[in-house]
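In C-alpha cells below, several structures.
Each of the two complexes below includes chain A, the first together with chain B, the second together with chain C.
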Partner chain A sequence: MKTEPVIFEYSRPGRRAPSHAPAEAAGPGDLPAAVLRTDPPALPEVSELQAVRHFTRLSQLNFSIDTHFYPLGSCTMKYNPRACNRLAMLPGFLGRHPLGAVERGQGFLACMHELQEMLKAVTGMPGVSLTPMAGAQGELAGVAMIRAYHRARGDGARRVVIVPDAAHGTNPATAVMCGFEVREIPTDPSGDVDLEALRSAVGPDTAGIMLTNPSTLGVFERRIGEIAAIVHGVGGLLYYDGANLNAILGRALPAAMGFDVVHINLHKTFSTPHGGGGPGAGVVAVTQRLEPFLPVPMVTCEAGRYRWLTGRERPQSIGRLSAFMGNAGILLRAYVYMRMLGGEGMRRVSGFATLNANYLMAKLRESGFEIAFPGRRASHEFIVSLKGLSRETGVTAMDFAKALLDHGYHAPTTYFPLLVPECLLIEPTETESREELDGFVAALVAIRDLARRDPAQVKAAPLTTPVRRLDDVRAARDLDLTWQSKRPATGGA
Partner chain B sequence: MPFIPHTEDDVSAMLTVIGVASIDDLFDEIPAGLNVAGLPRVGPGLSEAEIARLMTERADGDGRELCFAGAGAYDHYIPAAVWEIATRGEYYSAYTPYQAEASQGTLQLIYEFQSMMAGLTGLDVANASLYDGATAFAEACLMAVRANRASRSRRVLTTRAMSPAYRDVARSILGGQGVELVELPLTDGLTALDAFGAEDGDFAALAIQQPNFLGRLEAVDQLTDWAQARKMLVIGVCHPTMLALLKPPGAWGQAGADIACGEGQPLGIPLSSGGPYFGYLTCRLPLVRQMPGRVVGRTVDLDGRPGFTLTLQAREQHIRRSRATSNICTNQGLMVTAATIYMSLLGAEGLRRVAAQCHANTRALVTALTGLPGVVLAFRPFCHEAVLQFDCPVAPLLEGLSRQGILGGYDLSEDYPELGQALLVCATEMRSAADIERYAVVLKGLMTAPLRAQGG
Partner chain C sequence: MAAIPGELKYTKDHEWVRPEEGGSVVVGITDHAQQQLGELVFVELPDAGRTVAAAEACAVVESVKAASDVYAPLAGTVIGVNDALDAEPGLVNRSPYGEGWLFRMQPAPGGLAGLLDAAAYQQILEQEG
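And now, the complex of A and B:
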C-alpha cells in the first residue's frame, strides 16, 4: 500500500518550473491598482520533476481499462484505442480556434459531417446534432426538444414525463430540469415495463416517456412496439437513452422501435475515453418531426464546402448548449473509431459484447450465483443478485465489490438498478478475452467461498489498494474539500 | 477484426457454454420486425494506417492560423508534460471514481484541483468541473436561485457585457425551469446601474464577467456591494489566468462574491475547435449543498490513513434523482487532470507572468493596429482583450487576413451592432512582436485600395 502526499506538501516558497512562463515579468501596465490582486493565489510551488513524479505516482493509484478488467455495468468500459487519441491530437486539429474561418477548418468539418451521417445510419434517424457534451446534456437536449415540439403545436397541457423505475438517475433529474413532473412506472417480474401501469399512467398530460433499451436490467424490452403505440396513441413522444446502444449496434435501430429522439454516449459505445469522469459526448438524433428543434450548431455541406448551421437558420432550435460546438476533440476520437470499425465491425461489436455477457452469465449461473432474470437472454450486461448470500453470510454486494479489488478486478456497478436488492450489474464489453472472463468468475467464486467460511475477511476488504475503506460519514460531516495548511489569506481587499 | 480478441475456438466454446448455435441466436428476444441485417451506409472499416493517413491529410489541410482571437477560447502555451501525463492510460481510461479505494489517483487530483480553483477565485470550495464556461454560468444561475432564500425571485440579473454565447446557453438551459435572465445596459462598455430602479423588482443574483466580454474591467466592488445590499447573490465569471493578476471574486466589495465560475480552457487545454474544455465553479462554504456536480472530500480509512472520496452525494442525480441539484453525471475529468498539472507547473508566479504578458501583448497589438488610419480603440482602459472600431466593414478584412493565415479577431457586428464595424482582438503570451508586426502589415495592405473600395 502506498499513498502520495498532496502536491502542496512539496511546495517551497520561491521554487518554480520557470521554463513554462515568460522569462521577463511584465508589469501590470496601465491596470489600476484597485483591480489588482494583493496576495498571490495559493498554487503549489514545485519543480517540473516534482510535478511529473507526483502526477505519475497519482496515476498509479488508479484502476483503469488499460490496467484492469473494469466491468462497470451501463458504462461500457471497452478498450479506448490509442489511435483515436493520437489522431484527434494532431496539431492541425488542436490548434484550430473555434471562431476560426471555416475555410481553414474543412478537414475538421468533413469529419464532423461524416460523423453525423454515420450516426444517422446507426440510429435510423434523419437528423443529428453533435453539440451535447455528455449523456446528461444529450438527455436535456432530447427532453427540451420534446417540450419545444408540444409548445410549437400549441399544446401546453403536457406536464408529465414517464420514467420506468429502472431508469438511470439522470432521466428523472433531466425531466425536472426541463420543467416536467416525473411519473415513475414499475417493472414487471420478467424485467419488462409493466404495460398495465403504463396504460394507466398515460393521458393528455403525457409529454413523453424516457426509456433505455436494452434496459438497465440487462434485458431487451420485447414489447417496445406496444409501448410506442400506447405513448404515441395519447400524443406523447418516446425518448431513447442510448446508454446501452452497444448491445444492439447494427442489429436494431432506435427509429424502427418507435423512438422519436435518441442520445448516444460516444464515451460508451464509440470508445472515447472516460477520462476519470469525462469528457463525454451525448450526441442526439431525431425523427423528422423533431428535426427543426435540434440544438445548434450543426454541420452542413453545400457544393463540397462544409459550414456551420446556426440559430439564425434554425429559428425553432432549442438553442445552444455549449459556448462553441460541443466536445469537438471527443467527436474526432469517435469518428476515428467508427471509421476503423466500419459497418460490419459495428455489428461485430454488439455480437461479441453480447457473447461475452451471456457467457459470463452462464458461467456464474453454473457456479451457483443467482441471476436476477434467469429466464432472459442477457444483453451486453446482466445482473447478479447477492440477496440470498447476503442473508446467509452477512456479506453484501458492497463487500463483494471491495473484495474484487483485491483480486485485481474493478467492481461491477453496485446497488443499481435500485429495484434489485444487493445487485451487481456486470458489463464485460466485447474487448475482453475469454481468459479474462474466466479469471473474473474464479475471483467471484473465491470471494463467495470465503464469505461462507470467514465473512469477516471479506468485510475487511480491500487490503491491497492504496487505502482501505474510507469513512464516508466523516467526509460528509467534517468537510475537507480544499488543502488548508499554509494557505495565505486570499484576496486583495 | 479490431479490438476483439476472440479466436474461433473461443467463440465455439463460449456458445457451447451458453447453449446456443450462433452469436445471432443471442438476439432472439429482439422482435423479428426490428432486426436489421447491418449498417451498409457506414462503409467498410479502415486499418490504423489508413485512418492515420486520412486524418493527417485533413489536419494538415486545416493548418494553424496565427491567432489574434479570444472571445472565450485562448491560445496559450501548454507545457509538454501536461498532456504526456494526462493521457497516461491510468487517467485516460478510468471512469468516475465511484470505487474510491481503486481511484485514489483521480480523487486526490480532483481534491488538488478544487484547492487550486478555490485559491484562484478566493472562495472556499470548488466542484470537480462542469462541461464548459457557458454551462458553468447556467448552473451558477440555477444554483443562485436555489440558494438565495432571502429572495424568492426566479430571475437573474446579468449584463450586456456578459459573453453573448454564455447568455444564449444559459437561456437554453434556464428556460426549462422558468428562470429568466435580465440584462443591464452598458455605458462605455461597462455595466451601468443608473437605469435600474425599484420598479425593476427582485432578482436572485447579479452575474458579472471580469474582465467583461469587451475586455473592460468592471467596477466589481461597487457592483457587488450594490447587489448584496439588494439581497442578491453575486456571481463572478472570470478568466482563470487573469485571476493570477486581478482581484479574486472572493475579495470583491465588502463581503466578496458568493459564487465564481468560468471557462477553464486557458489552463492547459488546447483550442481544438471549441472543446473539450471544462467549466469551473467555486463558492462560499455555506452554499456548498446547492452546488451541482461531483465534489471530492478528504477523510480517513479504517486504519486512520488519509484518503479521498466523493462526498455530499445526496445532491446528485444518482442518489436524489428528480430532486437533484442538476442532472450532470459525467463531467470533464480529463481536462481537469490536464489543468491541475498545468497549474502545478506554472505556479502563482508563472500564471501571473502569463497573464501580464497577455495584457502587454494585447496593448502592443492595439498600439500597432490603431496606428493604421481608420482603426480606433473603442474603450480605454482594457484588459487582455480589446475592441477596435473600423471605418470599413470588418468581414472582408477577416477573410483577407484568413487567406494569409491570420485569425484577426472576433467580429462583433452581429452581437453588438451599436459598436459599428468592430473587432474583439487578443494577443496572448504566444504572440511575438514579429507576429504583431505581421498582422499590422497585412491589415494595412488590406485596408488600402482596391480591396477597401470593394469592401466599403
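And now, the complex of A and C:
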C-alpha cells in the first residue's frame, strides 16, 4: 500500500480549479490599502480533480467504524446510524443562525427541549444542561457545580475530591482544574472500591467523589449504595462519570444509585460520530440541590413557546461554556437517535452491549486467554491480561494491538486501566454481529499462536497498513507538527 | 529480571534511595519501575528548595504507556534535580540507578526509618508476581 502526500506537495505555481474561480476577480472593495496583504496566502495550488483524489485517497486510508470492527474499550465505537446524520442536516437546521429570532427557531428549540427531557428520564435527574461541548467539559461543569454548591452554603473547608485508582485520568485532572486536592483510594481484588479505604479517606474536607459505574475495570460497582451513604454522610456529593452509561441505559438510573451529578457523553452512548477529537457533547444532569448551578443556556417551554434560559434568570449558574449553546449538530444527532430507539430500544442497547461483551469474554476465556476479573460478569466491556503470554514469549499487549491491524481489526484500548498489567480493554458495543465477534477471537488466537511460534513476526507487525510500526517514543519526544515545503516559497507577487 | 542493588534503600512504590556522605540522599525509580513503564518520554522534577512530606507526589515520569507520580520516599527538602533528564528522559531507562537519578534530598531528622532494604523490596516484587 502507499501513503498519500500532504496536498501542498501537489501544488504548482499558478494552478487553479477553474470551475471554482469567480468569473471576475473580486477587488479589495473599500478596505484601506494599509491593511491589504501584499503576497498571496500560502495555499496549495491544485486542480479540482487533484483535490478530490487527494481527499478520497485519505478517506480510504482511514481505519473507521464504517470499515472495520473497532472494539476500543471505554470509547463505545458503535455504528452511527445514517438517519441521524440525514435528519440533523435538514436545511432548516443547517440554515438556522444561532442569533436568529427565537420565533423562527421553535422547531430546533423544541428538539432541544425534548432532548433535555429524555436525558432527565435516562438519568433520573430533574435538571439538565446541554451546553458542554465534550466529555471533559462536562466533567469540568459537574465538578464546578459541586464547588459552587459548597461555596453557596458557606462551606469553604471542602478541598478534597476522592477518586478511585481505577478512574479515568480525566477525573483527577478535572478535580485539580477546579482547585481541589485529589485523594486516591484503592480497588479491592474483586474490582470494587475498597470501602474501608473510602471510610478512612472521607471527612469534613470531602467535597465529593468521582466514580464511573460500571467502572473502568468493566464491572458493576456492587456497593454503590454504601458508597453513596458514606460520602453523603460526611456532606460530600457524588459525581457520575457517564463514560460507561451504555452498559446501564434504560436499566439503572444514576440518580437511584445516589449520584448528585452526571455527565453524559452523547458521542458515545447516543452514537454521534466521534474519534479524532470530536466534536462531542458532554451534557450534564443534576439532582435538585445542584439545579441552580447548571451552566446556561437551557431551553424552557412556557405555554407552548420555547426560549432560552440565561444567566439573568439563573444567577447562581456556573456560567456559559460555549459561544452559543453547545454543539447543536451533535445534539440533534443524539436527539434523532433517541427518538428512533424509544425507551424500549434504549433498553435493547444496553442489553445487547452487555451480551456482546459477555459472549466475547466467554469465547476468549474458552480459547485460553486470561480474563482480569474472571469471577465477575462483564458490563459492556472487559479486560484481558496478556501478562503471562508476555513473560512466556516477550510479545506485549502493544504488539498484539499492532498485529490486530493486519487482521483488519482496530486494536482494543491498551495499557488502560493501569491496574492490570499488559491489558487489553475490549468493548464490542451492541452493533456487532456474532460472526464479527467470532472473527475477532480467531484473530487473537492466531496472533497468540504466532507469538509462541515466532515472536519476532508479531513484533514486526503491522505489515499491511500504509505505514508500518511507528516510533511512538520519538513521536512524543521530538514533536514536529508542521509541514515544511522542500521547495522555495512561490508567490511573492 | 529487574536489578535490585544491595546497597540501596527502597519504597513499596518503586523508588530507590542512596544515602550520601553529609546526610543527603539521592532518589530515583527502580529498574522494575522503568521496565513496567517502558521508554520514558518526559520527566517532571520538583523545584529545588521544595519541602515535601513522606509519600507526597513530587515528580512525574511519563512513558508512551502511562504517566506516573513519583513519591518522596522520605520527608525533607529537595536540594537538587537531575537536569540532564530534560533533554534525555531515556537515561532513566538506560541507567535507573546511575545517570537516570531523579533528585537529591536533605532528609528531615529520622527520615531514613521506614525504608525497605533490597531483600524486602525483592519480596514485594515477588508478591506482585
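Here, the second predicted complex is superposed on the first by the 455 of 493 C-alpha atoms of A that agree within 3 Å, B and C clash if a C-alpha of one lies under 4 Å from a C-alpha of the other, contacts with A are read in each partner's own complex, and residues count from 1 in each chain.
We take it that contacts are C-beta pairs under 8 Å (C-beta built on N, C-alpha and C of every residue); 3 or more make two chains touch, one makes a residue touch a chain.
The shown structure was predicted, so the numbers you read here are calculated from the model rather than taken from an experiment.
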| item | value |
| --- | --- |
| First, second, both or neither for A:421, with chain B first and chain C second | second |
| Partner chain(s) touched by A:16 [first = chain B, second = chain C, both, neither] | first |
| Touching partner for A:203 - first (chain B), second (chain C), both, neither | neither |
| First (chain B), second (chain C), both or neither touched by A:339 | first |
| First (chain B), second (chain C), both or neither touched by A:122 | first |
| Contacts of A:476 with chain B and chain C, given as first, second, both or neither | both |
| Which superposed partner A:110 touches (first chain B, second chain C, both, neither) | first |
| Contact residues common to both interfaces of chain A (with chain B and with chain C) | 169, 472, 476 |
| For the chain C and chain A complex, residues of the former touching the latter | 36, 39, 41-42, 64-68, 89-90 |
| Contact footprint of chain C on chain A as seen in their complex | 169, 398, 414-415, 418, 421, 472-473, 476-477 |
